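Below is one structure; the comments refer to it alone.
Labels run A, B, C and D following the written order; every chain starts at residue 1.
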Amino acid sequence: MARYAMVTDLRKCVGCQACTVACNSEWAVPTGFARTHVHPTGVAGTFPHLVSSFYIAQCNHCDHPACIEPCPTGATYQSADGIVHIDRDLCIGCGYCVEACPYDARYINPVIKKADKCDFCWPRVQKGLEPACVLTCTAHAKFFGDLEDQNSDVFKMVYEQGARRLETSEVSIGPNVYYLGKKEDVDLVFASFPPHRPRLLRAGEVWRRYLRPLVLGAIGATFLGQAIAFFHQLRVGEDEFEE
Amino acid sequence: MSAPYFQTFSLTTYLAVSLLLGFFFGFFLERAGFSSAHKLTAQFYFKDFAVLKVMFTAIVVAMLGIAYLSLVGWLDMGQVFVPPTYLWPQLVGGLLLGAGFIVGGYCPGTSAVAVAIGKIDALLFALGILMGIFLFGVTAPRITSFNLSGYLGNLTIPTWLNLNIGIVVLAVVVLAMVAFWAAEKSEGPWKVFARLYGKPSKGDERR
Amino acid sequence: MRDKFTRREFFRRSTVAGTLATVSPSAGSAKPHPPGWRGDTRVATIATNCEMCFWRCGVLAEVANGKVLKLEGNPDHPLTHGRLCARGNAGPKLLYDPDRLKYPMLRVGERGQGRFKRISWDEALDFLAERLAELKQKYGPESVAIFPHGVAPAFFLTLMRAYGTHNMAEPAFAQCRGPREVGYALTFGQGLGSPEPVDLEETKLMVLIGTHIGENIFTSQITAFAEGLSRGAKLIVVDPRFSTAAAKADWWLPIRPGTDIALLLAWMHVLIGEDLYDKEYISKYAQGFTELAAHLKEFTPEWAEAITELPAAKIRATARAMAAAKPAVALHPGRHTTWYGNDTQRARAMAIVTALLGSWGRKGGIFLPTEIKTGKFALPAFPQPKRERADGAGTRYPLASEEQGVTNGLVDATVTGQPYPIKAWIVYGQNVLESIPQRPRTLEAISKLDLMVVVDVLPMEQIYYADLVLPEATYLERFDMPQIAQSAKQPYIAIRQPSIKPLYESKPGWWIAQQMAHRMGLEAYFPWKTPEEYLETLVRPLGVNMDVLLTKGAVAFPGRPYISDRLPEDGPLFPTQSGKIELYSPLLKQLGFDPLPRYTPIEEPPVGYFRLIYGRAPVHSFARSQNNAWLDALMDENVAWINEDAARDLRLSEGQKVILENQDGVRSLPIRVSITKGIRRDCLYMVHGFGHESRRLRLAYHRGASDTGLMTRVKVDPIMGGTGLRVNFVKVVTV
Amino acid sequence: MATQPLPIAPVPLTVEQAEAMSQRQIKKHHVAIMLLHWFNAAVWLFELATGTALIASPYFRVMPYWYINMMTTLFGSRANMLHFHIAVGILWVVVFLVYGIFGFRTYLARQILGKEIALDRDDFRWLSIRALRILKKSDEPLPPQDSYNAGQKLFALLVYAMIPIIMITGLIMAFHLVSTAVVGWAVVLHFTAVGLVVSGLMIHVYMGAVFPEEKPAFFSMITGMVSELYAYRHHFKWWKEVKMQEEAWTHQFQGGSGSTGVASPPLGESAIPSVAPEKAEAKRGSPGMFRRIFRSPEYWPPYVAGVGLGLTLLATFVLMGQGLGASGAFTRYLVAILAWVAPHYTFHSSYWSNYIQPGQSPLIAFLTFEIFGAMLGGFVSGWLAGRLRITVDKGPRISRRTRYALAIAGGILTGYGARLARGCTSGLGLSGGAVLAFGAWVFMLGVFAAGFGGAWLMRRYWL
C-alpha cells in the first residue's frame, strides 16, 4: 500500500498563492474560501538580522486524524493509503470536524453545504496527474509522493534532508505535510502557527457533559423501573384480569 | 480597546446583542405608544406631539452620549457609521416617507412593533413596505443618476457649518428645548391649528 | 466490554465492504475526471498564453460547451513548463467578471460624470473614423496621440501609423524599463528586452538591487530563482525593505533610498582596487578602463558607508563575494527602474559592475538573445510625419526610445501645446490615471482634448473622462500578435488563440483595426482576412508546422545564449560605437552628460515625513486585477508598512486606518497600517494599484489607497525622459 | 329511570355487574388516531433502526460496530442509509403536518389543549403509590384515573414535547438550514430528544404489548373499543364522564317533556365559568410599584420613553458602531425571500446582489435580528400593558377595508421613500440625527413637511 505525503521547501517558496488559486479553480471552491492557505509569518528577529517566511496550510492527512472521531455520521474516513476522504453524500455539514482539526484545514462549503478539505487531489492522482498545487507552483517548491517509495522526492526530503512536521508537545497526531528550509525559517513558521488542541464544538461539549448522561440516565432509570415491575409481575403471577 | 466593540464579538454574540438592543428599541417604542397609528398621526393634527418629543429626546440623549464618549476618547468615531448624504434622494425620500406616514399611519420601525401587538393594519403596512422596496429594487437601475445625485460624502453638520462639534450639540439641545416648549404650549396660541381639525374624536382620549 | 472491533478497523472494513457492495471504490468526494472529461462534460483543451500580466506564460484552457471551466499551466511551453502564478490561475474570474465593459458607449453629460449611452459598433466606429478624419484635416494627423499597452493594440498601431501619427507612448519605457534599457545599451550596445535574460538557475551568486522577485511574480523567473537557491547559489539583496527576497538573502543591505550609485561605485572601487575584476575579459572586450579606474579613486567603501548607511565591511565583503563567484554572477538589471531621476546612470553603474565581473554573455550571468527572423507582409510605405515627435523622444530626451515613446512627454505636450497641440488621445489597454504619475496634470491634459477614446476590458477610472468607450475581448477570447521571445535561453514563438467566442459585444483588437481600416480607406495596410492567415505568413519562414503550433501553443528554437556559442551571422558581440564594452561612454559625453556614473545626493524627506516607496503583490497585476473575485478574496486592500519605532512615536496601533498626505497636501483614501521591523524608519511602503475611484468596479472601488494618487511630484531623467517616482514624501494623518 | 348519584371511586362490583359491564364496549380511540399511532410506530421502528446505525462517532455512538456495519452493508452504502432515513423522516413530518392542519380541532385539540393529558393531583398520587406498591412500601388503592392514566399522560407529554424538536432538528440536519452552528446543535438536540422518547418508549411498549393487565389497552388501539369493565377498573374518571354524557344524551331526548321542568344543565366543557379579566384583577389587591409602571395601560410620558430610546440608541452605537434601523431589515427580509423564490434573478440583479455576501444568508445581519428583537420588545410591553389584541387602528369615519387599502398604499410610499433615502425615521432620522449627519436632518425635514402637509388631505381618514 502507499503512504502519501507532501513536502513544502520554504527555501524556494515565495508565498505567491498560485497553489491557493489553482486549487480553488480545480475544485470550484466558493470565493472567499480555500482548501489551502498561504500565511505570511510577518517579520521577526532583531534588525538587521531579520527572519520572515510563509506557512502553507492544508489538510495534513494525519496518521491519527482528530477529525474522524467527532463526525456523527462517519462521513469522513481514512483510506489505507492515509488519505482522509469526505463522503459528500453522507456529510450533513454539521461542522464538528471543522472544529476538531488542529490545523484548521477544513471548512463548510456554503454552496453545497458540506464539509470540504484538501484530499491531495485524489481524483487527479488516481489519473496519474500531479496535484493542482504541485503542478502550478511557480517556485517548484511543493512535492507530492509516496513516503514508502524509496526513490520518491518526498522520501529523500523527509528521511535524508530532514524535512520536519509541524507538531507540538501538546498536539502530535502525525501530520503528513513536511517543511524543508533554513532552520530559523522553519522554526519561525512552527512558532507562529502552532496547531491547537482538537476542540469539540460547544454543542458536543454540552452533549458529552450534560445531555448524554441525561439520556443514558433516563433510559437506565426507566429500564430499571420496568425490570423491577417485570420481576414483580413474574413473582406475583399472572393475575389475569378477568375479561 | 476603544468602543465600538462589534469587531471583537463572535457571530453568535453579535446577533444576540442585536436581538437584545432591538428588544429595548421595540419595548420603548411600544411604551411610548408608537404601536398605535392614532398616537402617531395625532402629531400631524396637533393633538399629541409625543412623536416629536420622544424622537427629539432620543436624538439629544444619544447625541450628547456620543459627543461626550468620543470627546473622552472611549468611542472611536472613525469606526462609527455616519450615513452618507445623498441630498436630493434623501429629501424626496423623506417626503415620500412622510406621505406614507400620514397615509398609512406608521413608519417601518413602529409598524413592526404594532404588528407585534396584533395590529392588522400594521401588518398590511409592513407588506406595503416590502412592495415599496421591491418597486425600488426594480426601478433602481433606471434612476441611478438621481439616486446618486447630491452626494456629499459622510458630511456632518459640524463640518458643513465648520463649527466645533460642541457648539452644534449645544444648538441642537436649545432647538430641542424650544420645540418641547412649543409642543407643551400647544394648548396656547397653537390651539387654533388644533381647532382647525375640530375637537378630538371619541377614540382619541384613551389611546 | 470494549468493542475489540476498533474504529480504524471499522473504517478499513467499511471501505472494503463498500467495494464489495460494488459501489465504485472512491465513492465519496468528487468522482474522478476521465481524460478529456471534467465530471460528465466533454472538455476541449486549448493552448494559448496568459495576459494577466506581460510575462505571457503558457496556459491550457479547459472549455466545455462554450464555457471556460479551468486554466492550467501548459507543460509544453518552453519557458514556463506548466507552471502558472495566482493571477494566471484566476483568469476565468476576469473573463466572467460581471463589471466587464460589455458594449460600445458614447458619453452623455459632462466629462467626469461617467454617464454613457449604449451604441452599436457601427455607430461607434463611424463616429471614430469621422472624428479622426476631421482632426487630420484641422490639426494634422500628428495631433492624435495613442497610449497603448501590451500586445493587444499591435494591429491598431499599424492603423494609426498608416493614418499618419507617430505620437505613441507606452508606460513600459518612461515609467518602467526605460532607464535599464538605455543604461545597458550605452554600455553593451544592446538592451535586455523581456523576458530578462538573467541566468538565475545556473548562477553562483545573485544580486538584486531594488528588484522584488517573489513579490513581483514572473513565473519562469521565480522557478529559476528558486532552482538557483536550492542549488546553493548565494543571494545579495539591496532594499530599504525586508522583502520576500531579502528573507532568503545571505546579505541584506538595508540601503538608504537614492544612494544605490554610491554603493555600486564603492563595489567597483573594491573590485579594481583589490584587483578582483575579470582582467582577461575586460582587456579583451572593454574600453575606457583607465578613465574608470581614475574616476573611482576616492569612492571607498568608507565614503559609501556615510552615504548609504551600510557598514563598509559589509560593502567590502559583498564585493569580494561577487569577485569569488565571477563570472557566474547574476546582477539582476531590475525591471521597474524609474526611481529618482538619475536612473540611467544607475543602470550604467550596474552594467559596468556586470562587465567588471565578466558575466555579460557568460554562464550564470546575463545571457545573450538569439534572433528569430519571422516573415513580414509587404505593406505600402507609412506616411512620413512632417513634425517631430511631441513626446520629446530623440529631441528633448536624446536617448528615449522612439518605438515605445515617453508617456509623460505626451502629457506635457498636450497640456502646454508645445511643440504643437495634441487634440485627441486614444488610450488602448493602458490606465493613464494609474500608471502615469501627476494625475492632476493628466486630467488637465484630458480637459484640453477634443476627443478621448478608451479601448479596454474593464471600466477603469479613465473611462469617466472618455467620450467613446470600446469593449475589447479578454485574452481568452481573441487572437493576438504572437510572442517572439528572443531574449529567452531557448528563443520561442508562442501564440494566443481564442478559447471561446467573445462574450457580450466585446471585439478582438485585430477586428477593430480592420473595421477602422475600411472606414479610413487604409485597407492596403491589412492585406489579410483572418488572423490565422496573418499568423501563417508570419511563421512560414521559421518552418514551423501550424498544427503543432496550434495544439502545443508554442515552438522553441535552439538558443545561442553565451559568448562561446556565438556565430558570425549573429552580428557584432557589442554593437556600440567602439565595438567594445564602453565603460567610459563618449556618446554621453557628447550629449553633455557624465560619461562615468557619479553619485549626486537627492532630496531627503522633511521631518515627520516618510519617503513613499511602492511595489507589487504576488496576487495582483499593477492596477488591473483588484476587481478579480478570487484575487480580491486573497488581498482586497493594500496596507502601509511603517517601521516599529516610527509607529510607536506616532502612537499608531496595528491595523489602524490612517490617511496619507503628501508634500503637496494631496490626501489618500484611508489605509490600514502594518507595523513591522522589516522597513527603514524613513520609508513607508505600499503595494501599487489600489484605491480605485471607478464606482463601476464593485469589488475594487475605494479599497485601500492609491500610491499613484500621492505621486504629484516626479524627477524626470534628462537622458531618456523616465519619471523618477520615489521622490514623494508622505506623512500619516490619523483619522 | 332514576339516576343514582355516581360513586366517586370504583367500588367492588358484584359478578353479574362485572359480567354485564365486560360485555359493553365503550369507544376510546377515534380511527384517525389509531392510524396515526401505528404509522408513528412504524416510522419510529425504521428511523431508530437506521438512525442508530448512522451514528458512527464514538462520541455519539449507541450501537456496537457489528450492528452499524451490518446495516451499512444492508443499504449498500451509508449515504443510501442516510437518504432512506431522511425520506422516512420527511414522510413522517408531512403526515403529522397534514393531521395537524386539517385534523387539529377534531383529534388533537382535545388531547393537547384540553385536559386529557394534563396531570392533576390524582395523577401524581397515582404515580407515587404505584411505585411504592411495587416496592412493597404501601398498599393504598390507586386513585381514580382519566381516560389516560398518569403514566400514559407523562409519556404523551414527553412525546408531544420531543416530536417537534426531532422534526425540526431533523430537517435542519437534512437540508442544512440556517447555519453550520445551528446544524451542529441540531445533531445534539436530535439525539437527546430521541433518547428521551426512547426512555419512555420502553415502558410504553412493555406496558402496551407485554404487561398482561394492560392487554385491553393494546387491543383498544386496534379495535378502538374497550370494555366498560376495563374502563371502570382502570380509567374510572373517564368511565364516569362517559356515563354522565350518556345520561345527559338520553335525558335530553326522553325527559324533555317538561314533567320535571328542571333541565339539569348540559355537562361538557362549555359550562366552564369564564372569569372576566377585570374582576380577576380587582381581586388581587392594590397594584404594586411594578404593576403601576409596567402593567398600567397608559403610555409612558414621552420624555421618559425618549430617554429610554436615546440610551438604547447610544448603547447600539457603543456596541455595534452603528445606530438602530428598520428599513434595512425589511430590505434584507425581502432579499431573503427573493433569493429563496427566484435565486437566479436575485443574484444577477444589480441592486439586490448588493445585499448578498457569497456564502452567507442575507438574514445574518445586525438589522434583521434587531427588528426581530424590536417586535419581541413591543410584544412584551404590549402584553404587560394588556394591549395584546387583534385590532385595527382606523379613523372613526372610515371602514376597515378603506383602512387596509390606506395602510398598504402608505406602506408602498414608505418602502420606496426609505430605500431612496437609504434609511427611515429610525435608521436615518434617529441614528443619523444623533451623529448629526447632514442628510438625516434634511430627510427629517422632508418627513415632517409631508406629514403636516398631507394631514389636511387625510383628515377625513383619521379624525
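Convention: a residue touches a chain if its C-beta (ideal position, glycine included) is under 8 Å from a C-beta of that chain, and two chains touch if they have at least 3 such contacts.
Bear in mind that the values here come from a model prediction, so they are computed numbers and not experimental data.
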Steps needed, at fewest, to go from subunit A to subunit D via touching chains: 1
Most remote chain, CA-based centroid, reference being subunit D: C
Average the C-alpha coordinates of each chain, average all protein C-alpha coordinates together, and give the chain whose average is closest to the overall one. A
Geometric centre distance via CA averages, subunit D-subunit C, whole Å: 67
Which whole number of Å gives the spacing of the CA centres of subunit A and subunit B? 50
Whole-Å gap between the CA centroids of subunit A and subunit C: 40
What residues in subunit D touch two or more of the other chains? 56, 58, 68, 77-79, 181
At least two partner chains per residue is the criterion; list those residues in subunit C. 7, 14, 27
Which positions in subunit A are in touch with at least two other chains? 31-32, 69, 74, 87, 89-90
Sites on subunit A touched by subunit D in the complex: 30-33, 69-75, 87, 89-90, 92-96, 98-99, 108, 110-111, 113, 200-201, 203-204, 206-208, 211, 214-216, 218-219, 221-223, 225-226, 228-230, 232-233, 238, 240-243
Inside the complex, what are the residues of subunit D that reach subunit B? 181, 299-300, 302-303, 305-324, 326-327, 329-331, 333-334, 337-338, 349-352, 364, 366-383, 385, 387-396, 403-404, 406-455, 458-459, 462-463
Sort out for me which residues of subunit C touch subunit A in the complex. 7-8, 11-12, 14-15, 26-35, 70-73, 82-90, 92, 213-215, 217, 219, 222-223, 225-227, 229-230, 242, 244-248, 252, 254, 618-619, 629-631, 633-634, 676-678
Over in the complex, which subunit D residues touch subunit A? Could you list them? 18, 22, 54-60, 68, 77-79, 82-83, 131, 134-135, 173-174, 176, 180-181, 183-188, 191-192, 195-196, 198-200, 202-203, 206, 210-213, 215-216, 227, 229-230, 233, 358-360
Residues of subunit A touching subunit C in the complex: 9, 11-18, 20-22, 24-27, 31-32, 42-48, 50-53, 68-69, 74, 77-80, 85-90, 119, 122-124, 126-127, 132, 135-141, 185
